[in-house]
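Have a look at these structures, which come just after this line.
Both complexes shown next keep subunit A, but they swap its partner, so subunit B is in the first and subunit C is in the second.
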Partner chain A sequence: MPIGNTQPSVRLASAGRAGGPAATSPARRGGTRPRRTRGGLGAERYAPYILIAPAVLIIVALRLYPLILGVNFSFTGDGDQNGEAVGFGNYQELFADPLFRTALGNVGLLVLLLPVAVAIPGLLATFIFLRVPGHRFYRSVYFFPAVLSPVIVGAIFNLLLAFDGPLNAVLGSIGVGPVDWLGDPDVAMFMVVGVHIWATFGMALVVFLAGFATLDAALLDAARVDGASLRQVVWHVIIPSLARTIQFVFVTTMIGMLTSMFGLLFVMTSGGPEGSTYLPEYYIWIQQGQMNRPALASAASTILFAIMLVVGMLQIKLLERSGKVD
Partner chain B sequence: MRQRAMWSAVLVVGLALAGCGSASDSGKSTSSDGKLVVWDWKSGEPFAKSYLDKAKADFKKKHADVEVEFVAQPFDQYYTLLGAAIQSGKGPDVMMFNGGGQIRDRVDALVPITDYVAEDKQRLAGWDAFTKDGKVYGGPVTLQGYPIYYNKEIYRKAGLDPASPATTWDKFVADCAAIAKASSKCFALGNKEGVGIQFWMSSLGSTTLTAQEYDAWIAGKRDWNSPNVKRIFQTWKEAGDKKMNTDGANSTAMFNDSFAAFQSGKAAHVMGLMSDVGHWKSFNEFLTAEKLGVMKAPVVTAGTTPSLPYDGGIGYAVAKWTKDPKVAADLVRSLTSADALKAFYADAGAIAADITIDVSQAGPAASTIVAELKTGKPALHVALSSKTIDLMGRLSQQLLSGSITVDEVVKQLAASDQAG
Partner chain C sequence: MSRVRLGRWMIAIPMSLLAVATIYPLLFTANVALKTRRDYILDRFGLTTTLQWENISTAWTSVGMGRYFVNSLVVVTSSVLLLLLLGSMAGFALSQLRFRGSSALFLGCLAGLFIPFQVIMVPLARIMADTALIDTYPGLILVYVAQFLPFTVFLMTSYYKGIPPEIVDAARIDGNTVYGVYRRIMLPLGTPALLSVGILNALFCWNDVLMALVMMPSAENRTLMIGVTSLRGQYSDNIPTFASGVLIAAIPVLLVYLFLQRQIADGVAAGSTKG
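Our next item is the complex of A and B:
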């Protein structure tokens, strides 16, 4: 856009966002401009700033300012040292706390389990797409858990996974010893993540089905005519065609895992056993609410924010790249 | 156009102001205009009605012109909300606290009421839990203690004498073996939250530590290397190793799954509470009063005398930003007046802080507990900081699963206790 090179870039951006022919038409009819009065020109120059001001003010006042306050607060002390600057003291304490390190480690575990969380709805959506018997029934059943609140899901699985619960009873009847699903530190985190995946994969499934709707049927037919097996069809036709959908599901599942596990954790394990299922969110809540350490909680929040920022940047990168493919 | 913009601006500003207002409204201190705001987590419950009515009537006699507003907060959010209020320096004038660490951690925000409540000192018990450095910060409403309840029916089935439960740890372990043969568990234990060890420590504290060690512990001089302190964790581990506890203790919630296991007769003993939940009143309802017994802690270390561990349970404290601390302290006194506490005991099923209340109607278990209040001592775990308590919960789970030694547990707790 060579026109308007000399004008402020903000204006360009706002015009671009408004989009459409209406926004560009004044530029085309540029000849009429000099006839306007100076005052009119001034108003027009400031109009975009005034128009975006409410949004910017709200973001600055309700998002950025509290964020800065929180970061600033994380450099002050708790209790007797309330309000005093302690430098990086809180951060040192955090990284010396094995519990916080466990919480960060669990974030790493979530990232590692992400492919599983994406593969499950992907695979099930493929089966529905390939019209396995009963696919209509499964389509609605799979989505059902997504409408339940995490608290209810957690309570249901607490009952199912209890030491004297039905799952262990079934295992016992086939001669397998009882497992303390939520009481064994090596197992509990996987159970919570498993339940989270169970409760949320319906959403990803719907996204996948939407992706399948855009799939070129001719490609599938061609593959079948060429005698491709099911595995070859999935690997060489379906997955490449769905690359963007898969990326999108990766991003949204990651966000879901990092931000909405609190309810499940709270109900199912309360961070236990032995602190093995702590996540940063839960740690922050405990420090602020139970330990009366708001400044330490702020420091932990700042670290969580930094992690989310990195994840967010990666997501933007991913989405940008997939955008270029088109 | 301009007018429309102006109206939108007015709307936005109005909404923003309304938003701020509604968020901070409940936290605003309004004592200046003859009104006291009280935060607690009880006043919303139906059983608290007659208690509040009595307390309000008592307060009205002293300050007819002061209005009192009770704001019931959800308990699981209570200290989070209170923390935010304290941080902003604006909040209720009078607020409910759990005795021990919860109030001691927050005395910066409170006014000492030692002189205002001097008259109640004798009538009420449980002051220690609301005291820090010799200053009283809160008036106790209930007493919270950790008696060992047992099921007389299971004792009978196991061939034991329900009238004389074991008085030594060794005899107790032998009894538990007999109970196991009668296919019941010895202890109903829920340690999912890591609370089980707190009850264990306090219930068996008086018979595990010597009297000097006990008093030193409460006074803050805790010798974690003492063999008797280690013994607390050894008996805990022993009970786990000998399968004396109900299965899956680390994944069972104490509130209220472990109490439910005791009530339904799956286990012979439970270290329960005196007030609120997991106590004589709820056990009476399920087991009936005849089957429910309260036993003294079995002697673990020779030469010790069992005593009931208890402290002030919940109580009310006065915020430092209240306009007139005297008026607010008078409200605390009304909330702990004899009539009000009698209503609280009767309706809520709590051992009230006023030990002159007659509890003979409540069954033998409650009477046994009240009889033991005179010789009772503060509970051991209440003296610990919330941070050490939290760590102890996790370590106790590790002890049960066998992934840590008693020596390591004591070492970590000593480090945490000294740091805090």
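Our next item is the complex of A and C:
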């Protein structure tokens, strides 16, 4: 903050500038008085509340209140039993539903693939940080898919991965396949996750690079002078210094996998083949929109929220720790 | 020394391949979008020889991408403006003004960050239906604002914390009301952050699928991204038109990216380092 570092003279100058024409013109007193009477002392006192009220109202009414409503809702029935308390009925039904179990199983798969989804951008960021030839170019290219909608990404890969599509054509010309990338229950989920990672690693890359920007260059130089190899530098200097960033990327990548794959699923597989690509968010949408089972969907939402809460708690812990470090 | 340099070039090879893998799918789609159907079946990879601009106009008119484009534009623009206004007002109050309950209100806003739309989808759809806001522009705009406001408030608050309180004090002594300080000082000083957060929010809203799908059931209210999903059923046998529709939806984002890449990356970075 340049304004904060340079002392009084600048502060005065900027205050004068900020005051605008009213501060310098002779009409100043005349200009302020009506404003003050118009606003009134009471309005001034409540100004902070008035400024913050719209944001708080919207967040309370359309975020916090629905959350409570939804949890309540998950203990009521659907259809004929609409509004009646059914205890844990919906939850029992959920855990008996093979589709929901697949969805939870796929969450497990995401957790297993999480280290890969973090390591790829981490490694690439390291190379870019170490100024591989063309590092600026790589950064802008890698980041690009991250700004595309999952729907667009999904549509493009629908095209590429179609059974009679280009990828199989290429593989066929070298005598491999054809593979039914999106139609084989054993393959489809990996393709969807793969595309998700392809589309989002640029986001994590930017976060890593922001972390690298805070790295102590002297430490790196010292390691270099001491003749450390690249692997030693990564292992002994970069990873320990970036612990906070790495943890942050872990949490945000996990949240991203849990809450932003709907578009891909919707376009690429619609949950199929044989329900093998269901995730909780897709299950919630199907139950609410297609099956007309809002209460059951609310129960699934509550479970998703519980999963998110665990991830969120990790993040809060992380914030606290970083607060202490600062 | 030369070994180090050689090592760097060795790394550059897989990195270049990855760069190709990152950019090629979009180039492929753009190329296909300009082919005739017959050309695509005969040769998928070759550069198009025909430049079938008709594909694009077919997607624009007969699939209704033009209408969806306008819907998206209206909803996204209004949402972003509203987000910036409410976010900067709250951010100013939370960072520069002292008042009772400010930290509790800040935490309340933060709590919104941890509630994804999927979790509150069912009750939110019901609230929107009860208030007759479902399937209307204001309804979807409100849902977007509620979704991205916690993040916006958070970033604006941390940005405004970097502004020395003496500036506000001086402006107050000069006779500005709190609202005057907001309008004459905080808004102009916040421009870089507003720009970054605004672009990020615009991308988030523009790219959204699920909220638009739940809140805009009727066909004429579809946003552009929902339009893309409906292409799949209609044009699965006409790949070039399908690709044209995808291209129409991708081009605005591509343009934004080409010109405002720095701000987007800065916004993401700010969200991570301040988090």
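Simple rule for what comes next: the second predicted complex is superposed on the first by the 254 of 326 C-alpha atoms of A that agree within 3 Å, B and C clash if a C-alpha of one lies under 4 Å from a C-alpha of the other, contacts with A are read in each partner's own complex, and residues count from 1 in each chain.
The rule we apply is simple: contacts are C-beta pairs under 8 Å (C-beta built on N, C-alpha and C of every residue); 3 or more make two chains touch, one makes a residue touch a chain.
Given the structure is predicted, the values throughout are model-derived calculations rather than measurements.
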Contacts of A:I286 with subunit B and subunit C, given as first, second, both or neither: first
Subunit C versus subunit B, contacts on subunit A by residue: C
Which of subunit B and subunit C A:P294 touches, first, second, both or neither: both
Contacts of A:P185 with subunit B and subunit C, given as first, second, both or neither: first
Which of subunit B and subunit C A:P121 touches, first, second, both or neither: neither
Subunit B versus subunit C as contact partner of A:G256, first or second or both or neither: neither
Contacts of A:P145 with subunit B and subunit C, given as first, second, both or neither: second
Partner chain(s) touched by A:L309 [first = subunit B, second = subunit C, both, neither]: second
Which superposed partner A:P54 touches (first subunit B, second subunit C, both, neither): both
Partner chain(s) touched by A:G89 [first = subunit B, second = subunit C, both, neither]: neither
Residues of subunit A that lie at the interface with subunit B and also at the interface with subunit C: 54, 285, 288-289, 294
Parts of subunit A lying in touch with subunit C, wherever the complex brings them together: 1, 3-4, 11-12, 14-16, 18-20, 22-23, 28-29, 31-32, 35-36, 39, 44, 47-49, 51-52, 54-56, 58-67, 69-70, 73, 124, 127, 130-134, 137-138, 140-145, 147-152, 155-160, 165-166, 169, 198, 202-203, 206-207, 209-211, 213-214, 230, 245, 248, 252, 255, 258-259, 262-263, 266-267, 280-281, 284-285, 288-289, 294, 297-298, 301-302, 304-305, 308-309, 312, 315, 319
Residues of subunit C that touch subunit A when the two form their complex: 7-9, 11-12, 15-16, 18-19, 21-23, 25-26, 28-29, 32, 44-45, 86-87, 89-90, 92-94, 97-99, 102, 105, 108-109, 111-112, 114-127, 142-143, 145-146, 149-150, 153, 162-164, 166-167, 169-171, 174-180, 182, 184-185, 189, 203, 206-210, 213-214, 225, 228-229, 231-232, 239, 242-243, 246, 249-250, 253, 256-257, 261, 264-265, 268-269, 272-273, 275
Residues of subunit B touching subunit A in the complex: 12, 77, 79-80, 83, 87, 105-106, 108, 192-194, 247-252, 386-387, 390, 393-394, 397-398, 401, 403
Subunit A residues within the subunit B interface of the complex: 54, 79-80, 82, 99, 161-164, 178, 180-185, 188, 269-270, 272-275, 285-286, 288-292, 294
